[in-house]
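Next come the structures, one after another.
Two complexes come next, and they have one chain in common, chain A, joined by chain B in the first and chain C in the second.
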Partner chain A sequence: MNTFIRKNLTLLITLAVLTALFIAAAQGMEDKDFVITLLRGLSVGSVTFLVASGFSLIFGLLDVLNLAHGTLFMIGAYIGWTVYVRPDTFVDLLTPLALTLSGFALRDVYPLLSPPRLASARMKRILPWALILVSVLLFGVILPRYPIAIWNVENYAQSPVTYAFMTDQGTRLPFPAMTFDKISPILAIVGLLIASLVGTYGLSLFGKDTQHATRWSWKSFIGFALLLIIALIGFLFNNALTQFLANLNSNWLFFIAVVVAVSSGAGLGALMEATLIRPLYSRPIYQLMLTLGLSAIGIEMVRAIWGRPEFVMPKPAFFDGAGEACPATTFADWWANHCSTILLLDGRVRVYNEIFIPLVGIVVLIAVWMLLQRTRLGMVIRAGVQDREMVEALGINVRRVFTMVFSLGVGLAALGGILAAPSMGLSNTMGESLFLNALIALAIGGLTNYPGAALGSVLVGLIQQFIIKYGQIGIPIPFTEIIFKPTPPLVPASTVLLMVIILLILPNGLLGKKE
Partner chain B sequence: METILDVQNIHTFIGQYHILQGVDVRVPKGSIIALLGRNGAGKTTTLKSILGLTSPREGKVIYEGREIQGMRSFEIASLGIGFVPEHRAIFRDLTVEENLRIAERVKGDYTRKRDFIFDLFPDLKRLITLPGASLSGGQQQMLAIARALVADNHLLLIDEPSEGLAPVIIEHMMKAIQLLSKDSTIVLVEQNFLVASQLAEYYVIIEEGRSVKSGAMKDLVDDKATIHRYLGAA
Partner chain C sequence: MTQRTTSRLPAFLASNRGSLIALLALVLLPFIVGLLDGASPATVFVNGSGISKFIQGLAIEIFILALYALSYDLIFGITGLLSFGHSMFFAVGAYLTGIAIKSFSLSLPATLGFVFLAAIIQALLFGMVLPRVKGITFALVTLGIASVFHIVIMSREVGDYTGADVGLQGMIVPAFISPANERLRFYFVALAILIFVYLLYQRFVTSPTGRVCVAIRENEGRARMLGYNTFYFKLAALTLSSLTAALAGFLHALYQPIVSPNVAGLGFTVTALLVILIGGVGTLQGALVGAIVYRLLDFGLRRYIGESASFINGAIYIVFVLFVPFGIVGTWRMKSLQVKRGWERLAGWVTGKTVRD
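Take a look at the complex of A and B:
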């Protein structure tokens, strides 16, 4: 035990100072303010943690600094919002999306097809490009003609802002039924399927050096079959599905929105790693440029699709009760009425923002911790963080693990996005500030340390919220009459200051390992 | 004699450096063969080229009758090749048990091989819950070899097993390697000629990225001129 203390003396002193600061900060305010500030800090910390932990997992194993992580957080929010507020758009998208992705599900099968016999080497070089061009053309012809019910960014009455507002008021605008008037449905579906198969086959022809006699099995076709089934269901039962979702109560719809947002994030992550990041593993600078570029593209796409104005995401009914009995005074009380707020030590606490989000944060923290510590995948990840080559030399397909981790990391960011949406609202910039928070949290906690990510995130959340609160009530400076009120610019500055101080004392962050 | 591994004239580049410029290694099944040579001659790169960690650009690597050059490392390893790298590469954050479990290729490998491994290295048994980082150099070396034994490997590539170890531990290690060679074929890279000459039946000398001489170890031991010329030691 003594050696433990001696080894970690700096860390322990730092933690003690932080705790003392925290207690001092708590002394300066009333109980109700303290409760609210603490919970808000934990809430911001939780969302930050969802982004930071995914980023740190990816960086730890893959050595990729995914600068698009904040944007993916935002995209998760927008996708979840779409499912929640415009389920008809989501249902309409199912078929074309599933068809487009179906080709990727066959990536294990393509290498087994004998390559086309072509006379010249030049033809061989041109073929993949030609296939991709055909595919892009097909997509370009079909997709714009495919009927997808969507809002209209240009027209305020039909903009996301209006839809969000109407849903919040409980009066949904009616959803139009799907009609194929620009293209025949059979042509559209077959065309999309062909476009996907041709395009992904073209992609698979790149960089294929040696043929290995791995065999296909029925497993290689599961994903493909599943996507086809989704596409067919989305097509055949379009209106019924839309009606079903529209009539669902908001809690279930919110749950579906979360599931869709997280799985889209995970899928997007897997796709990003497999197609864009993988060729650049040996070129870190290019990775930075790529992910930075993707981030910019992502933001512009969100602007083009959902528009620039900010809008809200209504909270599910479970957390949005109002009326006589609200705010609730006890949890039993709250459970009966599902009030949007609850009184804790006389402070009005918003249940969704300040209790639900931190709870989810804790659940995810534990779940991912269990994944890392208790499963074989987790063991491989922990080993891979230290020595990828050795893991591969043991006969483990590290590349597949890379894809899984990237997918997991982006999925976590998307979860953060959809969770934060009802409390923060949706905006084009929601990813940037949060991503900055997450980076600072990781620098504080230790870049690739999982508990460090949690600790750093909570510290960042707490500091920001306490500074905001003290901006309202002021800090009396001892031995003087002056009351110091931190101004808003001090909020981000304070976290950066904390980071600088901690990095000066502990260059690897609080829990980071010495290199 | 049956050949388990046949490395034919491989050329390997690391970045733009032409590290291996024609290495041939023929490994008879069931034997121990030592790759000898000075520091930087390309011995480790040869092992890594066999395993595909640095893929050879030219030449062939034939393992159990099958060309494996250009395959991904994990596929090559899955064919039954175990690797004990230089500096051991123990996973520091994993416990000793996890270090062994991670090497499972089929579920249950570890449970099946556990007794055999702990008979070979009794020390590891009492360290089982400790993180890899807390092991001494000798213990790490044992763990690294043990890790290569968890899966059913027919060929073991062992890089510098005696490096930095105390003489007593080297002796223990040598006994273990001899015992292992009853069931599997071993390719050994060894700087310490005394160790190599006691363990191996065959040798290949690598000099500046080329295999320059090979044969039976018992002939080399008496060939002081060759030893002096290529290995520098007496």
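Take a look at the complex of A and C:
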């Protein structure tokens, strides 16, 4: 016990000072304000944690600082919004997307095909590029002609802002009807499939020498078959599916939106890792620049597709009810009406923002913790964080684990995005501020430490919310008459200052391991 | 003795042919553009107008960007310190110049003195952090310091001085160097400063101090093992870099009508990173080449594509990272070495002599 205290003296003193600050902050305000501020802090902390934990998992195992993580958080939110507000767009997109991706699902099969017999080395060098060119041309011809019902960023009446507003008001705008009039449906589908297969085969020829040929089994085709089935369903039952989703209860639709956002985030992450980041493992600085570039591209794409103005995402009905007994004081009242707010110590608490998000945060915290501690994959990840070469030497396919962890991390960020969307709203800049929060949280807690990510995120969330609250009620400075009111710029500045101070005292963060 | 001096000059000219031609081209550029634009030979030395003036303006922007990129190359490319707070060095120079001239109506030399003083102080501030944190943590701490600075200049409390989120404007530049009326003079001042700083940097990199800085980039532990106190070398590089960036900021504030708060943000640090990535990390010429390519590209894209130019920027970024990792200058050097080898081999084959590889 004594040695423990002596070893972690700095940490304990820092934690004691933080606790004292927290208690002092609690003394300065009324009970109801305190509870609300605490819950808000936990809410911001949870969203930050979802971004930070994924980032730290990726950094810990792969040594990749994924600076596009904030952008992926934002993309998750926008994708979820699309499913939730415009299910017809989502259904229309199913077929082309599944067909485009189907080629990637066959990447285990390509190395087994016998290499093309070509006369000269030059032909061999040109072939992959030629295949990719053919594929890009096919995509370029077919995709613009493929009918996808989408909003119009230029026209305000059909812009995402209007769709979001009308859905929030409870009356959906009618979805525009789309038909195959520029291209025949069979041609479009077969063409997309061929384009995808040709393109991914061309890509696979690049790494021909380094790939190990393993035996194929029916498992290699599962992904491909699944994608084909999705594509067929999306094509054959387009109208029925749209009708079904449009008439669905908003809670279930929200659930589907979350699932789609998380899985597309995970898929995007896997794609990023496999195609762009993998060639750069030996050049760490370049990974950094690559992810910065990806981040810029991602923001620009979001601007091009969804437009620049901010818009809202309606809350699911489960958290958005109103009735006689609202704001609810008892659980039974709340359950009967699904009130959007409840009364806690006479203070109004928004259920979705301040209770549901922290709850999800805690569930994810525990789930990922269990994954890391109790499963074989988690064991490999933890071992890989400690010593990657050793894990490779033990004969474990670390490549595959890398891809899984990357997609897990991005999936967590996308989950954060879609969860935060109903409370924060959607904007082009939502990723940046949250990513800065997450970086600060990680620096405070320890860059590769999972509990550290949680601790840092909660600290960042609490500090920000308490300073916002004190900006409203003011801090009386002792022995003077002055009441100090922190201004909004102080909110991010305070966490940054805390980070700098903590890093100067403990260079590896609060819970980071010592070198 | 006389023989040596006579043989020295041609040798110097021969070995620096490329740089001298580039210098000559830059000196002549405003006049040539002026002549092409239709100015008579008599009026071409007077301040230009129209397209000539515009080209001069673009060149001045490139010079300022090149200065800034050089300063980032010194700490990132040469010394190997990854700082995400570099835009603060630039912004301090720009804002201090604006505030000193606008709010305190100081003279230019006094302003420059204050800017340099502030640059040294902030280099010491960053240096204070140096011995404690390394690598990525240093990047985060510098990002933190710079974003606090960004937030402070954006806040309404200091809006009287910095202009908050609109930016600093309404500064009256002394008439003898005003970019509106005396742009040709401004052009040559900026060019002279750039050349001076470039030569200074070249001297620094080839000096023993600079060599130690390169050693720190390659392997800090080994440099320390050889008995160098690496902290002082890093601090020296940081101070020189900070001074240069502040000088670039000083010129920027004089040249631009508005100092936007964007120059203090993370995006502007990324610009420096992009410039030296295009040019070639760790090569001083790379910063110059990168600045030219970046600015012209940016200008062209914004002119012909419009708002989504940063999409193309990001794509170029990725293409360079994946396919041209050594930048234009780095790749050029490797290729020219190969070509030279090839010529030597050909000459050896013709004359029947063997050439060392």
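Note that the second predicted complex is superposed on the first by the 509 of 515 C-alpha atoms of A that agree within 3 Å, B and C clash if a C-alpha of one lies under 4 Å from a C-alpha of the other, contacts with A are read in each partner's own complex, and residues count from 1 in each chain.
In this text, a residue touches a chain if its C-beta (ideal position, glycine included) is under 8 Å from a C-beta of that chain, and two chains touch if they have at least 3 such contacts.
Bear in mind that the values here come from a model prediction, so they are computed numbers and not experimental data.
Chemist: Please determine, from the superposition on chain A, whether chain B and chain C clash or fit.
Modeler: In the superposition, chain B and chain C stay clear of each other.
Chemist: Tell me the contact category for A:I396 with respect to chain B and chain C: first, second, both or neither.
Modeler: In the superposed model, A:I396 contacts chain B only, not chain C.
Chemist: Using the superposition described at the top, determine whether chain B or chain C touches more residues of chain A.
Modeler: C
Chemist: In the overlay, answer first, second, both or neither for which of chain B and chain C A:M123 touches.
Modeler: Neither partner.
Chemist: With the two structures laid over each other on chain A, which partner does A:L112 touch: chain B (first), chain C (second), both, or neither?
Modeler: neither
Chemist: Once both structures are overlaid, what angle do chain B and chain C make about chain A, taking C-alpha centres and a multiple of 10 degrees?
Modeler: That angle rounds to 80 degrees.
Chemist: Per the contact definition in the header, classify A:M379: touching chain B only (first), chain C only (second), both, or neither.
Modeler: It touches chain B, and chain C stays clear.
Chemist: Between chain B (first) and chain C (second), which does A:D387 come into contact with in this model arrangement: first, second, both, or neither?
Modeler: first
Chemist: Mind working out whether A:A322 is in touch with chain B, chain C, both or neither, as first, second, both or neither?
Modeler: Neither chain B nor chain C is touched by A:A322.
Chemist: Between chain B and chain C, once the two complexes are placed on the common chain, what is the minimum CA to CA distance in Å?
Modeler: Superposed model gives a least chain B-chain C C-alpha distance of 14 Å.
Chemist: Quick check on the complex: what are the chain C residues that touch chain A?
Modeler: 82, 129, 132-134, 136-137, 140-141, 143-145, 147-148, 151-152, 154-157, 270, 273-274, 277, 281, 307-308, 310-311, 313-318, 321-322, 325
Chemist: Which bits of chain B are touching chain A when the two form their complex?
Modeler: Interface residues on chain B, with respect to chain A: 51, 53, 70-75, 77-78, 83, 85, 89, 91-94, 98, 101-103, 105, 147, 151.
Chemist: Which residues, counting only chain A, touch chain B once they are in their complex?
Modeler: Chain A reaches chain B through residues 209-210, 212, 376, 379-380, 382-383, 385-387, 389-399.
Chemist: Which residues of chain A touch chain C in the complex?
Modeler: Within the complex, chain A touches chain C at residues 65, 276, 279-280, 283, 285-286, 288-290, 292-297, 299-301, 303-304, 436, 439-440, 443, 447, 487, 489, 492-493, 496-497, 499-500, 503-504, 507-508.
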